[in-house]
Each structure stands twice: as C-alpha cells, then as structure tokens.
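The two complexes that follow have chain A in common; it is paired with chain B in the first and with chain C in the second.
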Partner chain A sequence: MQQFSTGVKGLDIVLCGGLRVGSSVLIEGAPGSGKTTLGVQTIVEGVKAGDPGIILTFEQFPDQIYRDSARYGWDLPTMERENKLKVICTSPQVINDQLLQVSGPINQLIKNIGAKRILIDSFTHFRRISMEETNLRELMFSLMNSLKQRGLTVLFTKEFSPVEAESFEEYLVDTIISLTYQETPTEGRRRLVEVLKSRGHEHLPGKHSFKFSSEGLQVFPRHLPQIDEINELKVLPGVLPTGIEGLDSLLGGGVPNGSNILLCGPAGVGKTTLSLQTIHNALQDRSRKAVLFLHEEMPEYILRRAESFGWDFRKFIEQGQLIIKYEDFIQIDIDEYLLKLNEMMQAVGPSLVVVDTLPTLMHNVSHDIQLVAEKIARLTRVIKYHRCNSLLISPSTFGAKQIGRFGFEESFCDGVIILGTVSFEDARKRHIEVYKLRNQKHITGLHRMEITEEGIRIFYVR
Partner chain B sequence: MNLKDNRVRLLLNSINNSLAQMILVFFFYRNPGAIDTVEGLARWVGINPQEVKLALIELQQMGIVQKIGEGLSAVYCYQPDDLIRGVLDEVVIQLAREQEGILGPWPGGDVFCNSFLQESKV
Partner chain C sequence: MITYNLGIRFSPLEGIVRGTIPFGTTWQVRGESGAGKSTLGFQFLMQGLRQGESAVYVACDEPATRVREDMNFFGFSTEPYEQEGKLVLVDTYESSDPRVLCIKDRGDSQEFLYILTRIVRQMPRPCRLILDSLTSLSAVYSTKAFISLIQDKNRLLRDPEVVIMDIYLKSTLEEAGMYALTNAYDVCLDLLFPDEKGGVPQRSLRIHKLRTSGYDPRPFPCFIKQGVGLVVDKEFYVR
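Entry: the complex of A and B
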C-alpha cells in the first residue's frame, strides 16, 4: 500500500503515514473550519512532490484561492504556468457531464498535466443538480470511480450539516477527515481535527488540535506514536545532584536520572528558587543542558532573580547550555506544546527541564480534569522518553489537603518534594519534605529550610 | 499594444460597448481555468444568462473564448491567442493600477478603453 504526505505537519502522524494513493477522501466541516485550506495544501504538497493536481471550485473564485494560498507561501499561478496545477472554476453540472466524456476538456486537462490528485470543492454544491439522495449517491459514486480509474486520488470537501447525523458520502469514501471549531469553557474556540475512517490503513483515534500557521495547517496529535507505543522505559542508573546543601542527602544523592519530580508548596515558599539553584548547580558541568519553561514570570525577572543570588544565567544562555522559553499561558495549546517539547528534547538533549508552573501550563484544559490528567501523563512520558529529569512546579493552596493544585499530579511523577511554612514565634519558618521518590532510598519527614543570600539551605546532617 | 490592428480595435470597442463582455473578459482573465456553461458563467459573474450568452458569442468571434459542445451543455473556456492575450495583459494591468490594485468589476473600464481608442485616432 502506497501512502503520500498531506503536507500537513502532524496530520500524517494521525493518518499513520498519510493518505492512500488512489483513494477517495472526504474533508468535512463547518464554514471557516479549514476544509479548502487542507484540500489545497494536499494538492500543493503533491505538486512539490512531482504529482500534478487539479482544484475544482464551484463557489470560491480561483483568484481568491490564489490570494489565500499566497498567505502560506503557495504560489499557485506559477504552478499553473509550469503546468503542474490547474484551478478550474466551474459548475457541478459541467463536471457531471464532462467527466463521462473521455475527450471532454476536463479529462483532457487531467491527461495533459498528468494529474495525480484532484480537489472537488465542494461536493455540497452537487445538490444544485439534485436534492434526491439516491441520485446524489449515484452521482458521487460514478464521479469517484471515473476519477479513480484515471489513477487520481480524489479529495472532496463537504459542508457540515448539523441536521444530518450521517450522510451517504461517508459510506462511499475511503477516508473521512472532520474539522471542527469547538467552543471550550477556558480557551474560547479550539480547532480540532478527527479522522473518522481510513480504509486500508490505521489512524490515531480522537480529536487533535490544529492551527493555521504561516505554512498552512498544522496538526498537533494527541499521541506521539514513537513515545506512546513503548510499554516500558528502562530505569536509568545514576543521579542528577541538585547541588543544594542538605537536599541531595535527603534525596539519597540527588534526583534519580530520568525522573519527573513534582515540586509543591504555597506561593513564596521557594519553589522557583530551588529550581533555579538546581539549574545553576547542574550546569556547572559544561556537558549538561537545561530548558526552563516559564508560563507566569517573564524571563527577565527570572534572570534578575538568579542574579540576585549570584547565578549568572546569561552566561549559560550564551554558552548554549540554557534555553528559557516563555509562553503566555492564555495562548498555550497543550498538544502543540507537547509536540514542540518533544522536538526540542530531541534537538537539544537536556539533562533537566523545569516547568514553572504546571497549573498555568494546563490552564486551557483545566475545565476537564480527565484531559489534565492525560496531558500531565504525556508530559512526564515525553520527558522520561528523552532520559531527562524534570522539576514540575505545582503551587498548592494554603491549608489545602491535596498535595498539588490538581490533587492527582503526584501519581504521574517519580518523586514529590513539598515545601511549606509554619508560624513560629511571630515568624514563618520554611520546611522541606521529600514526600515520594521512586527507585531510591531517601530521608522522609520535615526538615528546616532557609532562603539565604546564596540560595536555599536545608538543615539536615546525615 | 498595436492599436492599428483591427482585431485589437475591435476588442477594445467591443468590451467598451458591452458591460457583459467587459465583465466576462475580466472574469476569464482573472480566472483562466474557468470552464462553464452559459448558466454557470452567468452565476459566476452575476449577470442574466441571456446577456451572457450574447456576450459569449461576441467573445468567441474575437478569439477570446472557445466554445466546446453544443446546446445547453456547451461549455466556454478562455483561449485567447498571443496577440489578444497581450492586449488583455496591458488593459488589465493598466486598469489594476487605476483601481489601486482592486480588480473589481470594471468601474472606469470604459474610460480606459476610450482613452486607448482616442490615442489610436491620433
């Protein structure tokens, strides 16, 4: 079975390799959902790969398609001049008549340019010919066969009708790609793509988010097959020392390699400082790299805070040892984030990742607790897959009984460090507790902690 | 543009005198891949099919469009020769400049064609 790329980053992963050569594909969705863009992108990708294509449009003027495509860097007029593409505006009736005539102009065009893919935008317009479902089904069947006989992959777009529960088109085609633009309680509207059917090859189930990027559509799969299909990840030997006096002793030497550590505690207790100090100490070894993801504080504030302790983070950045990524939590699409995190981990190969903070990272899915659990599980899995350590900061509320903000994130992590305070003689005293640490002997219980001019000190003597 | 050429003068005169022809020329120029029936083209350009039909006959005689088939299912497509294509290139580019890049349905197109005709008389 031969498959080809749709040109949509991420969608080929969802389609487990792309679309099948010579198949029929239905792209359905509401107005503005991206049907035409997806169709055009697949045609353009074909042209780039040496497979000429045809776009049949029944409502949108070709020059509108040229203009919209130019936004993504697709120069359709040049492709037309080079005889690799034809954009034809016509009527469904003409297509119906012409495709049955071997010597008709449409068939001649297909033959002349050696077209391999055709986009019909949209099949909904065939209702101009008939409103009878039986007639339309017959029409689509013969149209599809006529084009498939010529070796073409046929892409139909179809306007989504909320009245129709299911339609005959869905039975006839090999692949169905559904695009939606859903309202969510926290994110406003969210674009989602779902493959509902893919005859002859696998696909990743579920809804995956997508966006219009400068290069067309970009899909962010909910699953990353190379990571999710692994049933077992080996326990790595060795530790990453935090370099913090007392803490490494509590941890039994440091953070076991390949561990995700949840760092909890109320605001102002020292979670970020502990993370920065760990980064600073870890990067004293020039072979190590770290990535710091910020979703609350801006990088400049963090750099200054590090400087106040005498930790020169700018030097680490210049040396290529430290990457600080700031993303406003309101803008975060968690699936996009996880995909990019995976790519970054692959490219950079850090020893330590710090996420400040986990609840802000999850903000846009926080309306659905199951979704939060799924995303935290994937986050920790991606980090573990790349044999990296992480400190995931999850602020807890004063007086709350649960450990982290969500109350379940600790179960996805290998270790939990809790920072807290107690009121003592009109002053607040900090303490630290290694609440959980898989695969390593460690010291439990509360221990005094202070934030000094040099950073965090923990009062524990073996 | 060779304004002394009879075909060029005929083309400019023709599109200057008929709004339907002007709009259809412009439509085909901007959408060279269009292939449609009289009814279909009437829908694309938003003109009465009867007027479109008459305009297409003229455009076909001028060698701008080609008719394929007969009867109601006959389709028309853009097939100008190099001379006509060259004229249309100049006309449309000039119009586009005058309309500040908005290739709308030719407001002011008649003025432009007249200016060409005036020049040719001189």
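Entry: the complex of A and C
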C-alpha cells in the first residue's frame, strides 16, 4: 500500500502516514471550516512531489482560488503554466457529462498533464442535478470509479449538514476527514479535525485541533504515537539538585532525574521564586539547559525578579542555556503547545522545564475536566519521554482542601511539593512540605521556609 | 598539623572532677537568680577563647550587645576575639550590630535550630557554645515542645569538638519536666544558695551529674571575683 503526504504534517501523523494512493477521500465540514484549503493543500503538495493535480470548483472562480492560495505561498498560476496543475471552474452537469466520455475534455486534460490527484469542490453541488438519493449515489459512484480507474486519488469536499445524520457519500469513499469549528465555554472556538474512516490503513482516533497557519493548515494530533505508545521507560539514576540546601536535604539529594514535580501553594507563597532559584542553581553547570514557559507573568518581570535575588538570567539566555517562552494563555491551543514542546525538547535537550502555571496552560480546555486530565497526562509524558525534569506550578485556592487547582494533577506527577502559610500571631509564616516523591527516600512533614534576599531558605538541618 | 587536647579546661571544676571532661559533651547549669550562672557562662567562654578555642554565645535574656558590655565591665574583653572570628554573639531579638547574628523568632523552633546549627557548624574547632538562658526560651513553648527542642538541639549540635552549656533558672520547668531534661545532658551543675551566713548569701557549686568521669558530689562554696569569674573553695572539706 502506497501512501502520500497531504502536506499537512500533523494530519499525516493522524492518518498514520498520509492518504492512500488511488483512494477516494471525503472532506466534510461546515462553511468556513477549511475544507477547500485542505483540498487545495493536498493538491499543491502533490504538485511539489511531482504528482500533477486538477482542482474542479463549482462555486469559486479560479482568481478567487489563486488569491486565497497565495496567502499560503502557493503559486497556482505558475504551477498551471508549468502544466502541473489545472484549476477549472465549471458546473456539476458538465463534469458529469464529460467524465462519462472517455475522450471528453476532462479526461484529455487528465491524460495531458498526467494528473494523479483531483479535488472536486464540492460534491454538495451535484444535488443540483438530482435530488434523488439513489441517483446521486449512482452518480458519485460512477464519477469516483471513472477517476480511480485512471489512477487518480479523488478528494471531494462536502458541506456538513446538521440535519443529515449520515449520508451515502460516507459509505462510498475510502477516507472521511471531518472538520468542525467548535464553540467553547471560554468564549473561544476550537478548530477540530477528525478522521472518521480510513480504509486500508490505520488512523489516530478522536478529534485533533488545527489552525490556519501561513503555510496552510496545521494539525496538532491529540497524542503522539512515538511517545504515547511507549509503555516502559527505565527509571533514570541520579538527581538534579535544586541547590536550595534545605530542600535538597528534604528531597533526599534533589529531584530524581526524569521526574515531573508538581509545585503547589497559594498565590505569593514563593512557587515561582523556588522555580527560578532551581533554574539558577541548575544552570551553574554549563552543560545543562532549561526552558521556562510563562503564561501569566511577562518575561521582563521574571528577569527582573531573578535579578533582585542576584541571579543573572540574561547571561544564561545569551549562553544558550535558558529559553524563556511566553504565551498568552487565552491564545493557547494545548495540542499545538504539546506538539511544539515535543519538537523543542527534541531540539534543545533541556535538563529542566518549568511551566508557570499549569491552570493557565489548561485554560482553554478547563471546562472539561477529563480533557484537562488527558492533557496533563500528555504533558508529563512528553517531558518524561525526553528524560527531563519538570516543575509544574499549580496554584492552590486559598483554604481549599485539594492540593492543586484541579485536584487530580498530583496523580500524574512523580513528586509534589506544597508551599503554604500559617498565621502566627500578627504575621504569616511560610512552610514547605515534600508531599510525595516517587523512587526516592525523602523527609516528610512541614518545614519552615523564608524568602530572603538571597532566595528561599528552608529551616531544615540534619 | 594542629592537634587539640580534647579535654575541657574549666577552672571551677578542677579538683572536684577526677580526670577531664571531653568535648562532645552537653552541660546543664541550673541555679537561682543571682547565683552566678551567667558569670559561670562568661568564664566558660573566656577560658576557651584564651586557649585558642572558639565560642558562640546565644543571648536569650537580654540583647547580645548588652551582654558584651556586661562582659567588658566584668573584665572580659570580647572585641579581639570577635574581630578574629573566634567569638560570635547571637541575639534572639533584633540586632543592629552587624557582628551580632540574629535569630529573629526564637518561638519558631525550626528557625532557632536551623540558624544555631548553621552558625556552630561554621565555627573553628574546638568550640564552646553557651546558651544563656534557656529559661526565657522555655516561656514561649509548651513543656513537651521545649523538651523536644532541647533534645533536637543537642542531637543536631553534637560534635566531638563542640561542648554545649545550657543555662537555666532552677525552676524553669516543673519537676517532672526538669527531670526529663536532665537526661539530655552529660554534665549537670547546680549553683546554690544553701545557707545564710551573717545575712550574706553564700554561694556554692555542686556537680549534680557527670557521665564521663568521677567527681565529688558535695556542694563547694564559691565566690565571684572580678576579671576571673567563680572561684571555688576546693579545700573546704579538707580543712
């Protein structure tokens, strides 16, 4: 079985390698969901790979398609001049008549340019020929077969109808790609793609988010087989010291290598400071790198905060040891984030990743607690896969009984450090507790801590 | 290579104790107000410093700067030793003197132990540590928490080259509590006012407990001498 790339990297992952050569593909979705863009991108990718293609459109003039495609850097007129592509604006009736004639103009064109892929945008327009389901089914069947017999991969777009539970098209085609533009309770929308069927090859089930980028569609698979299908990772030896004397003693030497540590506590208790101090201390070893993801505070504020303790983070950035990534939490698509995190970890190979904060990172999926659990599990898995340590900050609600913001994130982590305060006469005092730490002997119980001019100090001595 | 004689030299006990008391021991000094406990503490500190040892003095009853003045008034000049890094004064209130280290909240046992341990571990060896007095510290803890604090302190600071002297008012804790505390010490010294002679209090020193060697358990009369400290009449029972 031969597969080819759609040109949409993430979609190829979802399709476990791409579309099957010579298959029929239905791209369905509501208006504006990206059906035509996906179809055109697949044709353009074919042209780039040496497979000429044809775009048949019933609703847009070629100029409109040229203009829309130019946004993504696809120069369709040049491709046409080079005889690698043909964009034809016609009617369903004409196509129907011509395709049945072996020597008709469309068939001649297929032959002339050696077309391997064809996009029919959209099949919904064939309903203008007949309203009868039986006739339409027959029409689609013969159209599809006559093209497939010529060795073409056929892409149909189809408008999604909410009243139509299922349609005959779905039975006839080999692959169905469904695009939706879902409203979320956080007043945003998520674009989602789902492969409902892929005859002859596997696909990743479920909905995957996607977006329109400057290069066309980009799909962000909800799980990555290379990471999520590995069931065993050896426990790494050694520790990453936090460099905070008392904390390392409590932890039994430091954070066990390859651990995800959840850092909880109410606002202002010192979670970010503890993370910054750990980064500062870890990067004293020039061979180490760290990535700090910020979703609340701007990088400049964090740099200044580090400076106030005498920690020169700008130097680490210049030395290529530290990457600070700020992303406004309202804009975050968690699947895109995870995909990029994976790519970044592959490229950078950090020893430490800090996420400040976990709830803001999960903001756009926070309405669905199961989704949050799935994404946190994936986040920890990606970090673990790359044999890295992490500090995941999850502020707790003041007075709440649960440890982190969601109340279950600790299950996905190897360790939990809780920072808290107690009221003492007319003052509040900070304390720290190693609540959980897998694979390492550690000291339990509450221990007093303070934020001093040099950073965090923990009143623990052995 | 410098080698130390790890026997503690302390003149008030010479002649009463058979043999020497080594470093690594914990001492308890108990007595009524005015019996000379602090003077004994100053003397213990100065005799160590004068032999090249180091010392840490934790002032719990009054500001450390005031303690320095008291010692100077008595004839013990601390300045050269402080400048040399051989003597560290620790305040359990706030101090504006940069040479005086500070435990801001003595009611916080974790802070108290952490800072004290850090200071003592950084001192040159051998080192004498004097806490004067633990009575005022006991006021901010329950009996159980206080005993636990003392036991933790002695465990954390136990070092073959460090001797710890804790000073108490006699009735710091109720009898059962004081009895439990005694177990935390190797050496227990009582400063007493047993008799009134001619209306003048007659001080005496008695070794109540000594784990490391033999001793004479009887009370020995003593007096305070300016610039020296406690002078014990060791011939009292011979005469």
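In the analysis below, the second predicted complex is superposed on the first by the 461 of 462 C-alpha atoms of A that agree within 3 Å, B and C clash if a C-alpha of one lies under 4 Å from a C-alpha of the other, contacts with A are read in each partner's own complex, and residues count from 1 in each chain.
Just so we're on the same page, a contact is a pair of C-beta atoms (placed from the backbone, for glycine too) under 8 Å apart; a residue touches a chain by one contact, two chains touch by 3 or more.
None of the values given here were measured: they were computed from a predicted structure.
Placing chain B and chain C on a common chain A by superposition gives a fit, with no clash between them.
Using the contact criterion defined above for the overlaid structures, shared-chain residue A:Thr90 touches chain B, although it does not reach chain C. With chain A used for the fit, chain A forms the apex of an angle whose arms reach the C-alpha centres of chain B and chain C; rounded to a multiple of 10, it measures 150°.
Touch criterion met: A:Ile106 reaches chain B, while chain C stays clear of it. Shared-chain residue A:Glu80: touches chain B; no touch with chain C.
In the superposed pair of complexes, A:Arg448 makes contact with chain C only, with no contact to chain B.
In the superposed three-chain model, the partner touching more residues of chain A is B, compared with the other of chain B and chain C.
By the touch criterion defined above, A:Thr397 lies against neither chain B nor chain C after alignment on the C-alpha atoms of chain A. Residue contacts after overlaying the shared chain place A:Asn135 against neither chain B nor chain C. Within the superposed three-chain model, A:Phe61 lies in touch with chain B and out of touch with chain C [touch as defined at top]. Look at A:Lys429: by the touch rule set out above, it reaches chain C but stays clear of chain B. Closest C-alpha contact of chain B with chain C, superposed model: 77 Å. Across the two superposed structures, the residue set of chain A contacted by chain B and also by chain C is empty. Within the complex, the chain C residues that touch chain A are 108, 110-111, 113-115, 117-118, 156. Those residues of chain A lying in contact with chain C across their complex are 246, 424, 429, 447-448, 450, 458-462.
On chain A, the positions that touch chain B within their shared complex are 61-63, 80, 86-91, 93-94, 97-98, 104-106. Of all residues in chain B, only 30-37, 39-40, 43-44, 68, 73, 75, 77, 103 touch chain A in the complex they form.
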